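Take a look at these structures.
There are two complexes below, and they share chain A, which is joined by chain B in the first and by chain C in the second.
Showing the complex of A and B:
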């Protein structure tokens, strides 16, 4: 465990140093970060302007869902995209060799090798939005529901990560899977709105096929204090299962790795 | 007790063929036609601890595929393989901690940061305490003649400096078995010599086992008393470098100095003309025709000086690599 913590510290230390190596680029990154944030806030303002309920959700309650989505989007920009999009490059250029030769779990390396500050403000705004909108929707913000919401957001993050990782891992066979991850990303934007706002067919799709419901609706319901317990349990189970599947899938995929020729 | 043992090692790849042009592309996209290519076919050899072995063969002979199986990067399709007491493809931690792979064409150092940062990452990943890592870095840097290069961003280093830093990163965990795939690729002659010297010193000092592929014969002749020659996926030769030259070259080199320069066609029928400059000519003559040909040469031309020798191994291997086939010697 010590080895993993120390490695992680060095991973992120070098990632930060690498970003600071190019002052201008860092500046641009900060601008992009602000742009990202402005985009999220714009969508938010559109929400405010309407004024009706959405799928049985009141305005403030729907904003909690948007908050959860913003948190996950921030996490995507901070950790998931910078790391997982590199897997394809590693496979294409054969540098996955170096990762596989290290006496450390390759999935750990590929998933946490770098970190980008780009999504941090989004994370903060998303969390803020959830905390601000929940009381408006009548939630008491009891410590229990806060902890539950945090756990379920973590579960949501794991589910999102596992899905993305499995897609990226298919690059072992197909080499290029940029498009697949983009499709995934687009589909997951559906998580901006409560699942019950969608027609029944899509609702089923977003619960059973793409676990959009678990990503945003379930954590939002937790902080609102109206989550049915079986959804909470299901969410944690789905997350655990997704993580296990991603590990098994990675191990399976590596059997087919041929390594780009040198 | 051998540290590397391969028996009947083989690897078959499935590759997709694509015809050129739009029609070929569409067909390739819709119905991909694949075929199996045997990259390595039943190769067997073993290496004792501390040996430095050269791994030779033309492009596409299966060298890199074999190295990748030895390091556990790819699964063999058949045969047995044991490296340092482990089955490589399982990639157990204890196995990975005692081997290293250096690839002349790929780099592990972080491009934008000084090599020291990458070295610190490697120290953490290999679980080496900082005090020990720092001592090793110092030792290796001294052997490699690396100084302030270690604190300069990798992108600002010359190719030679970068390769030396790559070697340092690959050796920080003191591996027992070194797999080196073209470690001197693209380096200038001086840098090549320095890397070569370092590898010889390192082997002497640590007793590490080295398996080396290189297209530069100087690397092989300077470092490897023993060579493995692989051709079309099969092991063609395993033995000393000297023995290889006898097996590869069923001819001898004859150098003539003539009283007057002669055109090339004057030497047709004696053997292959290797070079012709003014009144000096070098011929390659099959061993069994040597006496007869030399007699005829002496009878037909005014010869000032004559010398018979074995062609240098560099030339033989170079020829093998250029022609990509052992047919060159038949």
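Showing the complex of A and C:
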């Protein structure tokens, strides 16, 4: 365990130092984040112009959901995209061999090798939006609900990670699956709105097939202090299951790995 | 005589380019299918808009009109997607650009041909998705009249042209900076929110709509989608009209072409091949 933590500190230290070389990129990320958030808030506000609300959610409560989405999007830019998008390249160029030979767990290495600090501001702004909008929606921000929200956001992050990782791992068979992760990314934008804002058929789809509901709606309800306990339990169970499945799937996929050019 | 020979020659070059690029794109059918699927955002937004009934009605949309609008927005986006900046960046970084620049053909024409070939490969997938959509939403089924359909196809083509010109302008920045695709992200944000891909323009507050209509973005999705849907254009101040839309498109193209030529020339003069 200690060895893994030490490796992680080295990994991220070097990655952050490397990223700081590209300050212009960092600036562009910041501007892009501000523009994205402003645009999302604008589109969200369009549903409240008539004063009816969105699937029973008030304007500040819907902003909490958008905040949770922003947090996860920031996490995607910080950790998931920089790492998992490389799996495809590793398979394509045969460098996965080197990863597998290292005396460290290959899933750990592939998932956490690098970090991109450019996504951190988005993470912070998303958390800020959640904390700012929740009291306006009438939440008391009791320590218990904050802790619960944090746990459920962590569960959401694990679910998101497992989805990406399994999809990226299919590159062992199909090599070029980069576009499949694009489909996932596009479908996950559904998490910008509370799941009750969708028609019943899509609501079922976003809960059972593509667990968007667990990603943003459930953590938002937790911080608002109105979460049914069975949703919280379900979210943690789904996260645990997703992690186990990603682990087993990676083991299974490796059995079919025959290295490039051989 | 010389003019005719040049035209003939140009046509032959174009045919060869299309044929080779189409054969190339057919190899990547599966990926292009996935790529077509990654344009699902209008369908997700249709879900939100149709569940939020009053917000859509206040913008003058009945439920079938709303469904048709978002389907047509999806189609318009499918055939005006541009990825020249990534291709160009890769070609510049890998040094493939140098031989292209030596050929007696402007490199951008090659990219135009490969985009068109990719759209041709995409066509069957888009038709399948549209057919599935109408199966799920039979009430929304309606085909535009032949006149409107033709105008719609023309508008999608022009939307592609504007999109291509804008992105090529950013791609030409590759001559100065290696990572022009980061700049493209900034262009994509106003496109996403103002083009009508996530919300019909009629739902915008009046001042925002007036302001959005001064940008090229609504011409890229909202305008061709309205034409394709066959539904009447809204009336009132700050509304798109058929003549106004085509006029604005022509204006943007007339503005962007010389700008691109100038930037490109300045860039080539500055270009000193990667890794050389």
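By our rule, the second predicted complex is superposed on the first by the 228 of 262 C-alpha atoms of A that agree within 3 Å, B and C clash if a C-alpha of one lies under 4 Å from a C-alpha of the other, contacts with A are read in each partner's own complex, and residues count from 1 in each chain.
The rule we apply is simple: a contact is a pair of C-beta atoms (placed from the backbone, for glycine too) under 8 Å apart; a residue touches a chain by one contact, two chains touch by 3 or more.
Note that this is a predicted model, so its numbers are computed, not measured.
Legend: residue contacts after superposition of the two complexes on their common chain; A:233 is shown touching neither chain B nor chain C. When both complexes are overlaid on chain A, the residue A:30 reaches neither chain B nor chain C. In the overlay built on the shared chain, the residue A:6 is in contact with chain B alone; chain C does not reach it. By the touch criterion defined above, A:43 reaches chain C but does not reach chain B. Contacts of A:255 after superposition on the shared chain: chain B is touched, whereas chain C is not. Of the two partner chains, chain C is the only one that A:197 touches; chain B does not reach it. Residue contacts after overlaying the shared chain place A:189 against chain C, while chain B stays out of touching range.
Applying the stated contact rule after C-alpha superposition, one finds that A:244 touches neither chain B nor chain C. In the three-chain superposition model, chain A touches both chain B and chain C at residues 22.
Residues of chain A touching chain B in their complex: 2-3, 6-7, 9-11, 13-14, 17-18, 21-22, 93-95, 97-98, 100-104, 109, 255, 257-259, 261-262.
Residues of chain C touching chain A in their complex: 30-31, 34-35, 37-41, 44, 47-48, 50-55, 58, 177, 179, 182-183, 185-186, 189-190, 192-193, 198-199, 203-205, 208.
Interface residues of chain B facing chain A in the complex, by the touch rule stated above, are 13, 64, 68, 71-75, 91, 93-94, 96-97, 99-101, 103-106, 108, 110, 112-113, 117-118, 120-127, 153, 181-182. Contacts from chain A toward chain C in the complex involve residues 22, 24-25, 28, 31-32, 35-36, 39-40, 42-43, 46-47, 49-50, 52, 54-55, 174, 176, 179-180, 182-183, 185-187, 189-190, 193, 197-199, 202.
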